[in-house]
Amino acid sequence: MTTDTGRERQRDAAGQLRHLLTLEGLTREEIVRLLDQAQGYVRRPGELPARDASLAGRTVANLFFEPSTRTRVSFELAAGRLGADVVNLEMLSSSRIKGESVLDTIYTLQAMAVDVFVLRDAEPGLPAYIARHVAPHVSVLNAGEAHLSHPTQGLLDALTIRQRLGDTAQLTVAVVGDVRHSRVARSAWQALATLGVGEFRIVGPPELMPDDGEFRGARRCPILAQGLEGADVVMALRIQRERMAEARIPDAHTYCREFGITTESLKLARPGALVMHPGPMNRGVEISGEAADGPQSAIQQQVANGVAVRMAVLATIVRHSQAQTPPATTGRTVG
Amino acid sequence: MTTDTGRERQRDAAGQLRHLLTLEGLTREEIVRLLDQAQGYVRRPGELPARDASLAGRTVANLFFEPSTRTRVSFELAAGRLGADVVNLEMLSSSRIKGESVLDTIYTLQAMAVDVFVLRDAEPGLPAYIARHVAPHVSVLNAGEAHLSHPTQGLLDALTIRQRLGDTAQLTVAVVGDVRHSRVARSAWQALATLGVGEFRIVGPPELMPDDGEFRGARRCPILAQGLEGADVVMALRIQRERMAEARIPDAHTYCREFGITTESLKLARPGALVMHPGPMNRGVEISGEAADGPQSAIQQQVANGVAVRMAVLATIVRHSQAQTPPATTGRTVG
Amino acid sequence: MTTDTGRERQRDAAGQLRHLLTLEGLTREEIVRLLDQAQGYVRRPGELPARDASLAGRTVANLFFEPSTRTRVSFELAAGRLGADVVNLEMLSSSRIKGESVLDTIYTLQAMAVDVFVLRDAEPGLPAYIARHVAPHVSVLNAGEAHLSHPTQGLLDALTIRQRLGDTAQLTVAVVGDVRHSRVARSAWQALATLGVGEFRIVGPPELMPDDGEFRGARRCPILAQGLEGADVVMALRIQRERMAEARIPDAHTYCREFGITTESLKLARPGALVMHPGPMNRGVEISGEAADGPQSAIQQQVANGVAVRMAVLATIVRHSQAQTPPATTGRTVG
């Protein structure tokens, strides 16, 4: 299994989006179209959520090789609100299973008429590997892949910024923390680089910076003050304890003082700068409770947009696969 | 997190029931209205279950911090039969998570348009704590909280007694066993004290009696014969092995002899007295198989009523929250 | 709990199929009718799956005492595509619970208006035991019982053979591997013996052959070449490592050489012979990847047929139970 990101294989022969494996290689028009469609699914808090029948008669399988209840529920609700049947499969880590076995599971579910596989895995390579092998009418949706890619997260981050600050072309966006191991940072970068962004900064200790070949065009800031200065958007990344050790940061308290997003450190950014976090948060570590819950925070809006974005992506890739279905016999006894 | 029972906060500004956290403080009229509505959802065994669209377009999340498959399924079926989307989340014990983290999970699900949180927890305080923090259109339903409260159980017990014996005002009800640690006993007491009951007896070893300040007006019986004499309703409580030790009862056999509900001990009660148990039963300990399965047993009727009561409660608290929804934009593209 | 296969108790007083516990004792007409009905639910790959409202308003509970995600999903999708509500319960092994406890769980779910119990268990006896105790309108569906019975697997195997090769009366069918411990082999034998088959061969090491009283009329072949010669259908069975030891086969490689279905060993069978496997496969052990994925393989067709067969069985046994429902009150407030 190589770490093929799937960039070259997420379109069908006609160039239409069939899988969503990565935001790499998507055009500005494709991303804008997905964001516009997601915006149509957004409702205000307290309103009934949007629903339509885009996936009526379809079956979506959530295969999470890395557990994540909140992301699973977001995909489950997105598919259900489009009328799909949803099955959840909790899998052992794919690294403990031979690739061939995972493929047998996929083939089995495909034979049961699963139309979309939503995959999450701590190892790289699985989404593109599966996409190479499924039948032409089946789609793969990457719900988080190692440190590499989390495309619906990148889209929901772009949508949230667009809703709050409008066009991204002049904005300064600072992503703070363990960028090196972050699929969230990579997908945000891919979305914003394609949409156009004033300045994209990656901020964190040198040990947690990505390799030089990555994030080309982004500005690297090893010091928080530098990273936040004048920023319109500040995105804190979840930090794991073992990564602090890599960065020779002794404890959470020190991390918070050096790279934490707090009401204090936010004063370095542009007044009213947007505060974002992909969740789940380590409050008091990479972000303070006050910053997370304050008026600048867009964190719950990100979550709400997550469902809308996943609905838009599902409707887009499945609309496509519908065209592949032999029309004569479809729906023979289908209600 | 205090052990606020939520009594004061389960109504909205207009005094309507918005959450169901406890039966404490509910009026007789409110309880009767819920029982009447539940009765409307009752069907005979073998009939198709009642269904309506009270929760169409709504989303219910079951968050069980204390595992209970049967109660989870009861709530899942109740919500589904009202047309809701249901998501199940198995949680680690809330005592191992900081309150703030639980709240982040709640906020995340709320942002995904979850309308009702069904919560079960071995620790006290979570339902009221969550109810204090959710948005105005969101409801909390307590599905079992420590030793304190299990309001839908209290309602289903009252409904079962009413179905079998009519008005409760003249009845003698005996609750037998570990009353001290029982949320079932407390919620039954709250329901029946409010509806009116002839005599409410708590029966069990002194070590498992509640503190004096609790169950005011109930009669305390340390000896089974005394507790059962002339009783119209006999409710056995599940006993845990560690509680027997607290009560210096050496083993299950002895417990059964001293406090077990059996065809023998039932002879002490009124002929035909109703036998109840909240389940799951330890057969041969707090109740004999013969008593559980005999003609006086209402145990399966309790389970059936459980679904009906949960439907009534969901329809009541969500009907309320619907009024909170901004009407102009609701249902824009909602099917 | 005896190992009653339930053969005598799966019909109601009128002789109609009410449970499906075993294929033993089913008539040829009953099996053909189920296969015909299943065929009506088959769709081509890429088509939308069949759907109807046979189980609208009904509730199906999947109780898997032995974990099997793929079989659970197959039943979950089958029931859902017929309009049923489905609840999944992961159970501890039934052997660790007293029979009485399992029955209490069943009675509880039955009181919640569960109409069908889909049961899987590593121990023998549970499906017939439960069938003896449920209410008259409730059905039990055996989804895999010890080494004894897996009736929907036997039906899907027969359907697959019929689709690919037509009438089974003249066919030679070879089942290869650990027949002794295989419910798949037993149910396939029961289906094909009843439908009529040219020759049924059981092939494997003597230690893994069933007792003489079983598979009466089947030909026993201790050597693969003998078993495969001229076979129209070759069904490989999953082999467990501990069974190889029983058969004094030192390792997987040796097993594959002696009893593995490979492009090499398939040359012994009739040209174009059908290759089948119940899944999940140990590739490189009882079957080679080339044989599993080659043009002769019907393995994915078996999986697809599994959903269709389960739909047919559910619609058959629940159609029956509907007639038991008191007609006057059914659907009073049912949408």
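Note that the chains take the letters A, B and C in the order they are written out, and that residue 1 is the start of every chain.
Here is the rule we use: a residue touches a chain if its C-beta (ideal position, glycine included) is under 8 Å from a C-beta of that chain, and two chains touch if they have at least 3 such contacts.
Given the structure is predicted, the values throughout are model-derived calculations rather than measurements.
Engineer: Looking only at which chains touch which, which shape fits best: line, ring, star, complete or other?
Structural biologist: Topology of the interface graph: complete, with all chain pairs in contact.
Engineer: Shared numbers divided by all numbers used: is that above or below half for subunit A and subunit B, i.e. same or different?
Structural biologist: Both copies, subunit A as well as subunit B, present different residues to each other, with under half of the numbers appearing on both sides.
Engineer: In angstrom, rounded to a whole number, how far apart do the mean CA points of subunit A and subunit B lie?
Structural biologist: 40
Engineer: Where in subunit B do residues touch two or more of the other chains?
Structural biologist: Residues: none.
Engineer: Which of the residues in subunit B end up touching subunit C in this complex?
Structural biologist: Listed in rising order, the residues of subunit B that touch subunit C are 40, 43-53, 69-70, 73-74, 76-77, 80-81, 279-281, 283, 289, 300-301, 303-304, 306-307.
Engineer: Which of the residues in subunit B end up touching subunit A in this complex?
Structural biologist: Touching subunit A from subunit B are residues 57-59, 61, 85, 87, 89, 100-101, 104-105, 107-113, 135-137, 324-326, 329-335.
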